[in-house]
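What follows is subunit A paired twice: with subunit B in the first complex and subunit C in the second.
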Partner chain A sequence: MDEIVAEYIRRTVLKIPRDQIRTMLQQWGFLSEAQLQAINFCQIKDSISQDVVQLCEQFLFFLDNYIYSNKRLWSVYQMNKRGEETDFFDLTDFKKKFKRRLQSALTNVTINFREYEDNAIWIRIAWGTPYTKPNQYKTSYVVYHSQTPYVFISVSVLKSNLPLLCQALVAASNYHDIREMELRSHYLNSLKDIVFKSYSQNFQSYYPKPLQERNVAPENLMIIQENKNEKERIKRVNSEVFGDGPQPKLEFAQYKLETIFKSDPQMNVLNRKVPFRCLVKFSSPHLLESLKSLAPEGMADAPVSPLLTCFVNP
Partner chain B sequence: VAGGRGRAPEEEELLLPPHRRFPRDRGGPTPAFSLAGECRGRMEEGKAHSPHEVFAHLEMLEAQARAADVKEEEAKRQAEKLDRLKARVRELTCQRDELQAKVDLQQKGQLGKEGVVSDPAQPSAHAVLEWKIKNVKDMLQVFYLTGISGKLTEQGVCFCISTAYEGTYLDSYYLDLLTKPQVYIFRHSIPTFIPLAQLAKKYLQTDIRRFLSVLSNHLNAYAARRYQADQLQEHFSDQIEGTLQTNSLCNLLVFNYNVSNKSKTFPFNVRLLYGDLCSSVPTKVTVSCTPGYWLGKCHR
Partner chain C sequence: AGISRIFDKVPLSLLQTYLVGSDEGLQQQLAEAILREKKSFRINIHLATSLPLPSERDHLRPRIDLIAFMIDIKSKYSLRNVEASLAYVDASFFLGKVCFLVTGVGRMKYCSVEMSAICKLREVYSSPVLFCELELEGIRVATAQRLLRMLEICAGFIPGVSALYFGSLMSSSANY
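Moving on to the complex of A and B:
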């Protein structure tokens, strides 16, 4: 929401006598009963008007996500810190620093913040130029979890603003520098799962875990399973590497590899064993799920080569 | 002057032991003639003793006899008591032997119903196995409850650090370590904001116990801080203005609340800073009241 618009709302609400604010909002009928209840009308008027502005902003985030949910492409960036001192991340401080840094370089830019329950901070940025107002239709989004080195940025068309955005992030979060990682996806949650390792991994422990109900199809006794032991082994080994739960939805990954060409010595393809460097790129509608099914489908040996499992076990 | 009832008192009394010659419960006058030696002896001394002296003497002898009686009774009672205690000792010794036998049998793996010792000639193998399994499970549960437990894997060991705060068990975190060529972390489920890399660099190669201990402290303190923040939000939501502001590590907590006094309401701001990441108690607390507002109210 435009800063000027937000300021107008805030100042106007302040002019209304405190005991009439609630009635006024109810008359307007835009906010739900739950939202009205969330506002504490006993606090000082300045806080009440801030709450109203925040609610309007929340609708902005909601609208953006509703339309563009999986169409936005997210990239992961990693920040580095020099020292090892404890980080007392102060949200108010972060917002202030970020705004100040960005607005000092660009006058025409609108910045909105939204905090979610999982400690995620969403930043919405609408870019303008010195001569034009901020374009609300082409916005960049940044998602940051405090006290972690990872930032998720949705790539916007105006790539020229990216360095400025990165600088502002580094300054506000007290880090030193930032670089792009080789991870991109339309699914933000999957990227988070990979980077924060919050997908289900199978760790060996003696503590009995609650048994998961698995739908086992009734066995047809007329069909004899050959290699049943081998199948079970593959399943178990695969499960150890990929875990039992759903895989994060990764669509694109790449890494650099240095390796030696292996050939039949008689073919004499290469006289010397010279290592060569290459870039390996993967793309798939669901990369990790397809890698997980390689061994059970018989297309690769179990345990699967580390060249393929490096995405879950870096 | 013979007392008694048709017997020759002298005869009877002479048959009794000396101290029994004057039984207390016998009626009748005390026969003077049964004073066998003593009185006669005294009489034979030539002096004519007065009846007073005789009676006094008789009284003395009676008292002596009574005392002797009492003594005998006492001795008898003591003897009886001793016998009783000896019997008890025998009884208890027997019981102890029985119980010892039971314990020995149990330790050898023999199971019996409560209080009844099973027949040692027929141990139930199934029961023994069940008992062993239960024992091991309980032991593993104990290890888990200590907060740090582990399981050997093919190439190393997988540790489980469980967190708790004031009796409530919270999340568990895992560390899969490989031991060759050096100890290093293969994979883990430790949150990104815990300084795992720093701790590993400091302690993992040199002192793994210390590494696990310090990591456990970090994780437990974080879990405790987060739990406290959640509880604060949950139980005091009506008193807190807006939402609790915190961060991933929960080492900074900021919130506002009001203190009302009759018609005046004072808005307070609280800022809790947890300087020690291994502690669930704040190191610095700042409570402030919005100055202008209070003054404003005061002027009115």
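Moving on to the complex of A and C:
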């Protein structure tokens, strides 16, 4: 929301007599009863009007997410601290420093914040140029979990603003630097699951196999599975690595690999063992689910190579 | 238990086919297609991912009439799997009782196994190669019928035609 508009709302609400504010909001009928109850009408008027502005901002975030849910491409960044200092996280300080950094570099930029229950701070940024107003249609979003060094960024089109955005984040959060983590997806929650390792990890436990009535169709008695034990081993090993639940939805991933070319020694290719450096890129509608099905579908040995399972535990 | 000999013309009425390959789903589908065909003999179809077969079941193996190795042209892994398994097949089987089923040729963009590798298999092991898109039902049915004919010959059901004769017939017709 435009700061001028937000300021207008704030000042106008201040002009309304305190006992009329609630009635006015009820008349408007836009806010739910629950939201109305969340506003403390006994506090000073300045705070009440701030609350109203915040509610309008909430609608802005809500609207953006409603339209663009799962259409934004999120990247993960990790911030590093110089030493071991654990500063207490001050939200107001963070917002102030972030805004100051961005606005000192760019005059035309709109910044809105929203805090969520899971310690996540969402930042909405509309970028402008010295000659144009901020474009509200192509916004960047940042999700920062203050208890972690991870930041999720959806840049949209204006990649040239990314370095400035990163600088502002690092300065505001008292970190030293920031680096991109080579994981990308349209599904923010899946990225969070991978990075925060909160999806189901399979722990060793004994499940007694239930006795089943074998209602086998007569046709199937003539088809004999020779490798039943092996198939069960593959399932078990796969479960240990990937867990049993649904995989987080990862779409792009990449890593740098240093390796040595292996060839027949008689072929005399590359006499000196100089390592190759390469970039390995993965792209899939559902990368982790594909990797999980490699062994059961007979496309790879189980356990699957750690070059492929590194995404499960980055 | 019966002993499988190439020119044994006294057929036992229960024939044993082995499908060896890494794609279990496709094996299962082909096996079901074979069972659906009309035949005058009983048949057991064994599905294996690779050879050698697990030794626990050795006592239940009276005879092996036909071995069909399944290769997916989109998967180098499936080719390597078959090549490794071939080492465990007794030489006598290569006189007509082995064939290769190659799937996936319909999608050239995804081929990672070269034709030269397939041709080499055919030459080295003197066994026929059938190219079949097993994912398509019509081709699956046709392949099932062909395998059943081969099985009949290999088991000695067709008088005057031995597995070796049929095998050499298939190979010479392939060299056009």
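What we mean here is this: the second predicted complex is superposed on the first by the 272 of 314 C-alpha atoms of A that agree within 3 Å, B and C clash if a C-alpha of one lies under 4 Å from a C-alpha of the other, contacts with A are read in each partner's own complex, and residues count from 1 in each chain.
In this text, a residue touches a chain if its C-beta (ideal position, glycine included) is under 8 Å from a C-beta of that chain, and two chains touch if they have at least 3 such contacts.
Note that the structure is predicted; figures quoted are calculated from it, not measured.
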| item | value |
| --- | --- |
| Touched partner set for A:Q225, first subunit B, second subunit C, both or neither | second |
| Touched partner set for A:Q266, first subunit B, second subunit C, both or neither | neither |
| First (subunit B), second (subunit C), both or neither touched by A:F89 | first |
| Which of subunit B and subunit C A:T132 touches, first, second, both or neither | neither |
| Touching partner for A:K197 - first (subunit B), second (subunit C), both, neither | first |
| Most subunit A residues touched (candidates subunit B, subunit C) | B |
| Contacts of A:S160 with subunit B and subunit C, given as first, second, both or neither | neither |
| Partner chain(s) touched by A:E297 [first = subunit B, second = subunit C, both, neither] | second |
| Subunit A partner contacts - residues on subunit C that touch it in the complex | 21-25, 28, 31-32, 35, 42-50, 53-54, 56-57, 75, 77-78, 81 |
| Residue numbers on subunit A that touch subunit B, as the complex places them | 40, 42-44, 47, 51, 84, 86-92, 115, 119, 145-150, 195-198, 201, 203-207, 313 |
| Subunit C-facing residues of subunit A, complex | 219, 222-227, 229-231, 297-300 |
| Complex contact set, residues of subunit B against subunit A | 140-141, 143-144, 149, 151, 153, 158, 160, 172, 174, 176, 186-189, 191-193, 195, 198, 241-243, 245-249, 251-252, 254, 256, 258, 265, 267, 273, 275, 277, 290, 293 |
